[in-house]
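Once you scroll down, you'll see the structures, which are given as structure tokens.
One chain, chain A, links the two complexes that follow: it is found with chain B in the first and with chain C in the second.
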Partner chain A sequence: MSTQLEPGAIPGRKTARKGGANKEVGQDRKEKTQGRAASLLVAPTLIVLAIVILYPVLNAVYMSFQQDEGLDPVTGSFVAGGFAGFANYIHWLFQQCETPTGPASCPPGTLGAQFWSATGVTFFFTVVTVFFETVLGFWMAVIMARAFRGRTVLRAAVLVPWAIPTAVTAKLWFFIFAFDGIANSVFQTDILWTGSQGPAQAAIIIADVWKTTPFMALLILAGLQMIPAEVYEAAKVDGASAWQRFRLITLPLVKPALMVAILFRTLDALRMYDLPAIMTNGANGTTTLSILVVQQIRVGFNAAAALSTITFLIIFIVAFIFVRFLGANAVESASGGAKGKMK
Partner chain B sequence: MSTTTSTVASHTAAAKSVARRRETWASARTYISAAVIVIWCLLPVYWMIVTAFREVGYTYDSAPFFTHVTLDNFKTAFSSEMGNHLDRALLNSLFIAGVTTIVALIFGVFTAYALARLTFRGKYLVLGVILGASMFPGVAIVTPLFQLFGNIGWIGTYQALIIPNISFVLPLTVYTLTSFFREMPWELEEAARIDGCTQGQAFRRIIMPLAAPAVFTTAILAFIAAWNEYLIASILSNDATQTVTVAIARFAGAEPHQEPYTAVMAAGTVVTIPLVILVLIFQRKIVAGLTAGAVK
Partner chain C sequence: MGTKISRMYMPLAVAATLAMALSACSGGTGGGTEGGGGGAASENLDARGPITYVQGKDNSEVIRPLVDKWNAAHPNETVTFKEQTDKADQQHDDLVQRFQAKNGDYDVASVDVVWTAEFAAKGWLQPLKDKMAIDTTGFLPATVEAATYKDTLYAAPQTSDGGILYYRKDLVATPPTTWEEMLAMCPIAKEKGIDCYAGQFAQYEGLTVNVAEAINTAGGTIVDKDGKATVDTAEAKAGMTNLVQAYKDGNIPKQAVTYQEEQGRISFEEGKLMFLRNWPYVYNLAKSEGSSTVKDTFGIAPLPGKDGPGASTLGGHSLAISVDSKYKATAKDFTAFMITEETQKFYATQGSLAPVMESLYTDAELVAKLPYLPVLLTSIQNAVPRPVTPFYPAVTLAIQQNSFAAISGTKSVDQAMTDMQAAIAAAGSK
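Coming up: the complex of A and B.
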């Protein structure tokens, strides 16, 4: 398969190498000759992504402006679909429902009344899990970066929670936190872990931290390993304490990798679904935005499409803030930019 | 004169022993921390396996080692009378994750080559688009797909599960491969050409063996990502096409209103062990692949 396309790309590169005398002209010619090969190689992926992501998303945006078909709660007659304007968005953002006396705030317990609480829960889970995962992940990374016998065992062990499917993780921790389960028996407590808000949220957070801290630790470890050892030696010679070395060398130098890791984890946590869906099915203050969308799909998918669009926008805004204001440059580090060259 | 030298000597000896003691203490601390991490990561998995082999009547036994050992839970997990069909779910997952991985690799290899090796305008935009795509929330595409696939009768078909999986596996494949390809010694290819290899020979003898480990590692990562997917499968599958993650989430036991923990743990063990073995064998490569996209 690859033999057919590869040769096309190689001559392009060779021409480019020859044009190295005048750098700017060479660069220009390089872009032109390699551009065609590149677009041949890149286009299929972009087309596939357009089909599997862009098309559904545009479809969702279109759907979000349509009325859900169904029976009118007041008259019992069939309500046809059709253009709905921003009705679906107003339904979620202002928690407005149709009632016999016109629009009013959705009765508690209905899906429509849960948008802001679900947003709150989602952000709560995100902030708490990412915080613990960063702190614990940093600690794990520092340990893993040290040279000692048995380091391979440690690195292999850390990969185990990462490899386990989240659905299995959810069932496993659900069992650990069962009323007669091992958590209560070890700690001599009788907490109904998934039965009330605080413990249910704690159980989900613990399961998530267990599952994803290793990933965070490995990303941070990769960042730590790019810091040259000589920098530490020089600082030691200059009499810097361990804390000073950590604060003035490790932290600033690992920051780009750390920010990217936090960005990845934050965006991932904002779409959290598997753990709460399986452990509590959203009961007791664990309904995240993703869970709310899925519950709404069963009731009416145009309203669900509006909610999924809102969810997508929230995640997009968070990503934008990270990249723009917090300096998490995922593209640059992924493309081997200036930060990646520090070896 | 001699007294001063001896005091100096004893001083340095004392300093040395202090330093040595400090070093021993530091290495002891490292080992203790490492042990804590290993136990924290493995204990829940150990507990899953212990429970998987325990008789149903002793589900909540808190003995920390293997007691009341039985294989019944595995029978329950695979039992079709209870509607669990773990065997069918395993085949479904294998097929869906396998096809997803192959499709993602076929497209991903070319794109990653271009991104790693060629200079072209809009390269950063493409990288940004692909990274952005991998961060996409699953619910944002599952909602319209539920309606679209419903309209054309695709709910419960394999393609309905494979197509959305590609949306997150393909970006993952592209950026992992891109960073791998960037690290490869491509000069060797040119050297081979100078030494008289044809383009095809250079590709076959030099590039393929060099790229194979990168492609293989990426395949493992892609496969694990697809294998572990739950949200899309839980909405777009039916009983016949449900994947292992969905099957485990909906497990039934002998008692209708009782969570069949031991059978679930048995199923969890069956699903997890192959992954864990895979991960342990290719540990070094997987770590490189996981972090490649993000840091290098």
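Coming up: the complex of A and C.
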């Protein structure tokens, strides 16, 4: 880290890193030995990560190329399926099922028939919830960033939904959206919230936005507080309006933090499971990819492995697009922010 | 590594790490399994030693006293009791993982009636024949049938359960015996401004139970003896049509498509529902709960049928012995001990669990404590097990999704039954 102050920098505040330009005395000599010590220190972490992340992922990929066990019609026992090639992937991507009369498109009511609808539902939930969470989260963050009496109380209050475990949140909203629940009696309606498609999706979106907006607000708030107050003062002196200050100062300066927040929420939302699982059990057009995976695990492991591999690839592609195209800044902040986020 | 390369690969690496970390927890469970029982079914038949018994949460302290009693009498063959969660899905997944590992961790397990065929076909259960035979004389036939796969008994019936009809005796003097009779009484409910009939019609396992009852009552079946789908018959369609029509006419209230057991029970206890199909557990709650407004004004009857009692769906648990158990002689004796007449009485008095032995349903002492037993007996005597098929998880999904579409009106009955037939057939032909 640089100990040299750049002209105009505020004491105590870290200055931006400038690559390897400012070397300390003796740094070159130390580099080699430090490298060895560093890899030794990092090794345990890498080994643990390999065991808990790499192995399951690779094993899932291996399993996805195995056929699920089939029933021997004579003995009534299951027999191992053997190598499947891409059959499991074709099963999902083209919604092809084995039927008594040969391969055909999966009939409604099978899990195979739901892949694309589940993908659609997952992306629909992701786009809508992340949009609302970003807008509302930004708004909350701007309010929380101001200095006023009772700010700490407000911050604590805003954080409550995030602190509640998702399963509890889901049960809470399940009761609120019951037929004779609070939602219907407050609004004097008799909507079957969990009984038909539109309301069921709306109910889950509302619950998710309620729960995760505080997380968004918190990440954005952290970004807002990085912006020095002097910049705003200077802008005021120059006669910039509130809107100009927001658009030309706040937005560009908070963008890295905002992108990281959106990235995390998007990836998080793409694997949404608990809310729909508890509120609707996947009924009425709320089956997400994760719910489909879990339902498939009870039917056949290997097809489930193929499905989770596909889900993994989808999340990977989305993450890649974010990191690569939507902001190179997010890379550095993301690798820094990741440490604090992992649950 | 040069900065240029690292900058190029950085997005890729970050994306991969994020995707892995975030999706690893949804990855596959367990490894591949080998089918068939192999030689394990003929091993350790005479071995005795300490064993493990596993079942779902022992909420009413039924199992522990029994295990203590057994252990006091058999100091060299002690039983360790392992308690699972009280969620059926989690119990199922736990059993699958242990059985798949083939290490004999669980010697005796309590399995839900719908899992027996799946576990038996996977070769995880010890066939209860020859040396391992268990005496089931005097047991209700439906309970034995549900524990049988391909003509072999794979589990010993432990407790039973069946649907019964709760009705308001202050509104209808005699309970309806047929479905049509019941619907003919619905104007009485309408006059009082309450709902007529409800069961469990939300999209979950309870819907399979209710749809199976409707289909079986109308004389149809879901799968035949060989596990082939049979829901495109006229009888099965008639059964489904009964439910769909009643929902369309408002005799089943529109919010019933969100009802699981509890929502229906609460509505009934609040006096907002005239007829309710539910399990026997509701009886004691409706009698004693402070919030119940129907304490003295409700009665029970067998489910209404076509021209007599309806065909209830069978619930309950059976005891299965793992094929990989190291001490099968002990496991067998313990299983027999857990289903003696005396033990079954204890299940009933201590845990309100219905017995599987027919004679106990008329036992004066038990009937005094559980007044619903005679009605439940009729229900279980007419009960049909849910489809006995190793593909039960896929079959129940096929039933749930298509029947829900039919009831909520997004599909015609004909279309729903055609799809259900195809989906059940596809489940069994992997």
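To be clear about the criterion, the second predicted complex is superposed on the first by the 290 of 343 C-alpha atoms of A that agree within 3 Å, B and C clash if a C-alpha of one lies under 4 Å from a C-alpha of the other, contacts with A are read in each partner's own complex, and residues count from 1 in each chain.
Heads up, the rule we're going with is that a residue touches a chain if its C-beta (ideal position, glycine included) is under 8 Å from a C-beta of that chain, and two chains touch if they have at least 3 such contacts.
Keep in mind it's a predicted model, so treat the numbers as computed, not measured.
Applying the stated clash criterion after superposition on chain A shows that chain B and chain C collide. In the superposed pair of complexes, A:Glu69 makes contact with chain C only, with no contact to chain B.
In the superposed pair of complexes, A:Gly195 makes contact with chain C only, with no contact to chain B. Once the two complexes are laid over each other on the shared chain, residue contacts for A:Ile53 go to chain B and to chain C alike.
Residue contacts after overlaying the shared chain place A:Ala37 against chain B, while chain C stays out of touching range. Of the two partners chain B and chain C, more chain A residues are in touch with B. When both complexes are overlaid on chain A, the residue A:Thr99 reaches chain C alone and has no touch with chain B. By the document's definition of touching, of the two partners only chain C reaches A:Gln295; chain B does not. Of the two partner chains placed by the overlay, neither chain B nor chain C lies in contact with A:Val127.
When the two structures are aligned on the shared chain, A:Phe322 is found in touch with chain C, with no touch to chain B.
By the touch criterion defined above, A:Val231 lies against neither chain B nor chain C after alignment on the C-alpha atoms of chain A. Looking at chain A, you'll find residues 52-53, 56-57, 59-60, 63, 178, 180, 267-268, 270-271, 273, 290, 293-294, 297, 301, 304-305, 308, 311-312, 315, 319, 331, 334-335 touch chain B in one structure and chain C in the other.
By the touch criterion given at the top, residues 1-3, 5-7, 9-10, 12-13, 16, 27, 30-31, 34-35, 37-39, 41-42, 44-46, 48-49, 51-53, 56-57, 59-60, 63, 139-140, 143, 146, 148, 150-168, 170-176, 178, 180-182, 185-186, 210, 214-215, 218-219, 221-223, 226, 257, 260-261, 264, 267-268, 270-271, 273-274, 277-278, 289-290, 293-294, 297, 301, 304-305, 307-309, 311-312, 315, 319, 330-331, 333-336, 340 of chain A touch chain B in their complex.
Across the interface of their complex, chain A is touched by residues 3, 10-12, 14-24, 26-37, 89, 92-93, 120-123, 149-150, 202-204, 226, 254-255, 257-258, 263, 267, 390-391, 393-394, 397-402, 404-405, 408, 419-420, 422-423, 425-430 of chain C. Of all the residues in chain A, the ones that touch chain C in their complex are 19, 52-54, 56-57, 59-60, 63-64, 66, 68-73, 75-81, 97-100, 106-113, 178-180, 190, 192-196, 263, 267-268, 270-271, 273, 280-284, 290, 293-295, 297-302, 304-305, 308, 311-312, 315-316, 319-320, 322-324, 328, 331, 334-335, 338, 342. In the complex of the two chains, the chain B residues touching chain A come out as 27, 30-31, 33-34, 37-38, 40-42, 44-45, 47-48, 51, 59-60, 62, 106-111, 113-115, 117-121, 123-124, 126-133, 135-148, 163-164, 166-167, 170-171, 174-175, 178-179, 182, 189, 199-200, 203-204, 207, 224, 227-228, 230-231, 234-235, 244-246, 248-249, 251, 259, 261, 264-265, 268, 271-272, 275-276, 278-280, 283, 286-287, 290-291, 293-296.
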